[in-house]
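First up is the structure itself, then whatever we jot down about it.
Lettered A, B and C in written order, each chain numbered from 1.
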Amino acid sequence: MAFVRNLWYVAAWSHDVPAGKPVGVEVLGEPLVLYRRGDGGLTAFDDRCPHRLAPLSLGRVEGDDLRCMYHGLRFAPDGRCVELPGSAKPPARLAVRTFPVVERWSWIWVWPGDPAKADPARVPRAFGLEDPDWVYRSGALDYAADYELLNDNLCDLSHLDFVHEKSLGWASGSKWSNDSPRISAEDDGLRIERWFRDHPIMGSQPQRVDTWSSYRYVLPGLFLLTTQAFPVGTAEASGLGPPDGKPIFHRIDQQSVTPIGVGRSRYLWALGFPRAIATPAFLEGAYQVTRKSFDEDKRIIEAQQRIWERLPPERKPSAIPQDQAPAMFRRLVSQRLADETS
Amino acid sequence: MAFVRNLWYVAAWSHDVPAGKPVGVEVLGEPLVLYRRGDGGLTAFDDRCPHRLAPLSLGRVEGDDLRCMYHGLRFAPDGRCVELPGSAKPPARLAVRTFPVVERWSWIWVWPGDPAKADPARVPRAFGLEDPDWVYRSGALDYAADYELLNDNLCDLSHLDFVHEKSLGWASGSKWSNDSPRISAEDDGLRIERWFRDHPIMGSQPQRVDTWSSYRYVLPGLFLLTTQAFPVGTAEASGLGPPDGKPIFHRIDQQSVTPIGVGRSRYLWALGFPRAIATPAFLEGAYQVTRKSFDEDKRIIEAQQRIWERLPPERKPSAIPQDQAPAMFRRLVSQRLADETS
Amino acid sequence: MAFVRNLWYVAAWSHDVPAGKPVGVEVLGEPLVLYRRGDGGLTAFDDRCPHRLAPLSLGRVEGDDLRCMYHGLRFAPDGRCVELPGSAKPPARLAVRTFPVVERWSWIWVWPGDPAKADPARVPRAFGLEDPDWVYRSGALDYAADYELLNDNLCDLSHLDFVHEKSLGWASGSKWSNDSPRISAEDDGLRIERWFRDHPIMGSQPQRVDTWSSYRYVLPGLFLLTTQAFPVGTAEASGLGPPDGKPIFHRIDQQSVTPIGVGRSRYLWALGFPRAIATPAFLEGAYQVTRKSFDEDKRIIEAQQRIWERLPPERKPSAIPQDQAPAMFRRLVSQRLADETS
């Protein structure tokens, strides 16, 4: 399995890397170590000391530097060894590989490709968990499955009616699997939009609404969903296009899928609501149903992965109409891969 | 490792597949799903949805059909998709592979070979657990070992004196390892018969009997044993052949060995006694000593498997006289394998 | 990974093999079984019955012999089958492979190479745990790491300042990583000697001493360390060579690294003190800090191994001055390997 390298990948939530502690992560099959310098800024290294390959994630942050705690080599943020126990001066060649790293939208992004192409301006726009007018919950799941199966899952929400029949699908109050959203190709992903008209605002509640559900699915694997409920009639009044006005209900979901190896992925997710509409109990309830849903996805996707790995190559999966968006995103990934390897 | 395909294989106990619940099993390395239709009859499918390979064993039984709970495709017992969410009519090509399946002798049998050859009349005769005049206990063990090592074990009961020295061997009151049973080739297996003469009916009990022990070991790997005790002298009176008359004691053992993959097997076992001679306490005692014995087999056979896998190919095992029956059964399997691949 | 075969390898502590009980061990990827004959002497066999490869370590010691508890074959110490259930006389070819085995220095040594070359006089001299004037504690750790990484670790103690910063390194009261010991090549290994001058006898204790630290690291992977503290000034008075006189403090460490397979090693360790200076509480404290230290080694070395296994071959580790002794020992192993395979 090949990976597109020249992209910003989400390696961790910002809060996963505290001050003073190196943290090991994996991206595209490579172990990296992240740590915060004295000013809180991030450095990313190969997670192996160039000397004898001990992991630097077992090392110690010292000021702006990271010390390997096997034989004591100390590395500056540019990767060079600046202290070598038993030697007056470390040789210049003694250095660890560094990776471009950016912190944005509450995520830590690393660039596993050509460093010369690592433009921070190309970090995709997301929501972040910092807006004081909003409240959030977040989580993380490690998957024993290829990132493509997670992308497929997130590009086609028809599965909410089945996988999440008693959790997120039910709670949404909507019927997903017979619906045909508007799917638009964008330069770096897809936009998938739809109105659910005149449906219960949530589960079996009596209040009825029109809901605008709009998400982008962006390279390398970001899911950025806005859900807004309006009085019944708003969909029609908006010409079935994007609504204006202030919603009755508003939720955002920010998720990332990062290949951490062949057959292994890391899934980070968060949900948020305007502070004004979300009591602590409401937030907790939404968090629990969402977490349960993502355990449901993990169960079926990992089972799918195990079958996928054992499948005789001549038995191809069969396409159905609901595959349109997953297929578009797969083609986008394939195209980028072809561009990089040509 | 190759497997004979054109045979009925035991996939599960009948009671392992309740109404309304799909159950995943494995046979010859292939994951299958079993479920009961509305009338209780069984259907067997490949355990993967043809769409995106999600396991149908995580699906839902709906009347006679099985619905994949990833994207909601619904399959009829003939394997065809009869409902495709988001589409008016599923394409005819959208179908899951079906397998011939038969329920008999309290077992569910599937046929992994050419369906045209799947004659239910060829299901081997066993005992079943249904006779109201008898009482039974059953169990199941998954082995990390090739089916051949289990076949070897069951074709040569001399191991009872050693592996089961303090369990089934002792309880049997008989000496197995110096005995030479009569071994007869049959079309689909072996028949192994012997008299134990003038021995304690059980363990160290004072009552002495002649015991007729007779079993068939039948393709693909069925162990079907009858044990009957008679007054001392019956063996001689029967000319050392099969006894007539009504035994003092009677026990049946019904077991199956199914290859579920390379280096993995599933072992189903049951024991039964005439209701008239087996109190609940007696049945429980016999069950416990039998279960303990099969844990002993599993321990040594799995250890043997691990050595087998690591053995340099030039170091062959050495044959001894007690290998006669295992060797005959191995040849029978090899012959069938050669027939199928020629 | 190749192994030098014509060497005595430490397979177990003497106390690991009690009378009357066969014990399975592994050496160079081969499972062996050790047992004590009636006179307490040791026999070593391949841990597989020649009949059907069941492990003899699940067998039973009977007098001087070992019986396989699968089908009851009994083997004499010369490896020949002397009892075959169901046969009057076992065929002469029915035998298990034997290995030269010696018990010395509280260790059980086996010789996996050419038996004709197995000279017990070539067992390296160690300390043993038997001297009544001394007290000891011992332990064992299984490593998921190649023996070479353990050899590296033990040939360069500069890591004490980092890996064991808060355990053995601190307790030693010495600074290891800026020190340059005297390293001498010996025929079968290395000798590494140094004085630590005018330092705290232990941790932060006020008493100051000169300490003589001298160890041999011997093929295949034995670490034999003597640590002796003297009044300050002794180092200089000894011309920085080995001290005479009676030390204030004395400790020995006896350790072995045995490859049990590719990527797997067994590490046996013991520490000892003169009975006169070691109260039970002192011994217990030294044991605890030592055990903690070896858990620290295991953590970093196994992490190193995992990186090593994933490293693209073109990314070689970088040598530093402190690698002198590990590199010498690696060359010695390579030379022996080349000698054996030429």
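As a convention for this text, contacts are C-beta pairs under 8 Å (C-beta built on N, C-alpha and C of every residue); 3 or more make two chains touch, one makes a residue touch a chain.
What you see is a predicted model; the values in this text were computed from it and never measured.
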**Request:** Please state the rotation angle, between 0 and 180 degrees and to the nearest 5, that superposes the Cα atoms of chain A on chain C.
**Result:** 120
**Prompt:** If you list every residue number at the chain B and chain C contact, are more than half found on both copies (same) or fewer than half (different)?
**Reply:** different
**Request:** Averaged over CA atoms, how far is the centre of chain B from the centre of chain C? Could you give it in whole Å?
**Result:** 48
**Request:** Find every residue in chain B that makes contact with two or more other chains and list them.
**Result:** none
**Fill in**
In the complex, chain A touches chain B at residues 152, 156, 158-159, 161-163, 165, 177-180, 299-300, 303-304, 307-308, 310-311, 317-322
**Request:** Flag every residue of chain C that touches chain B in the complex, lowest number first.
**Result:** 29, 31, 47-48, 50-55, 58, 67-73, 84-87, 93-94
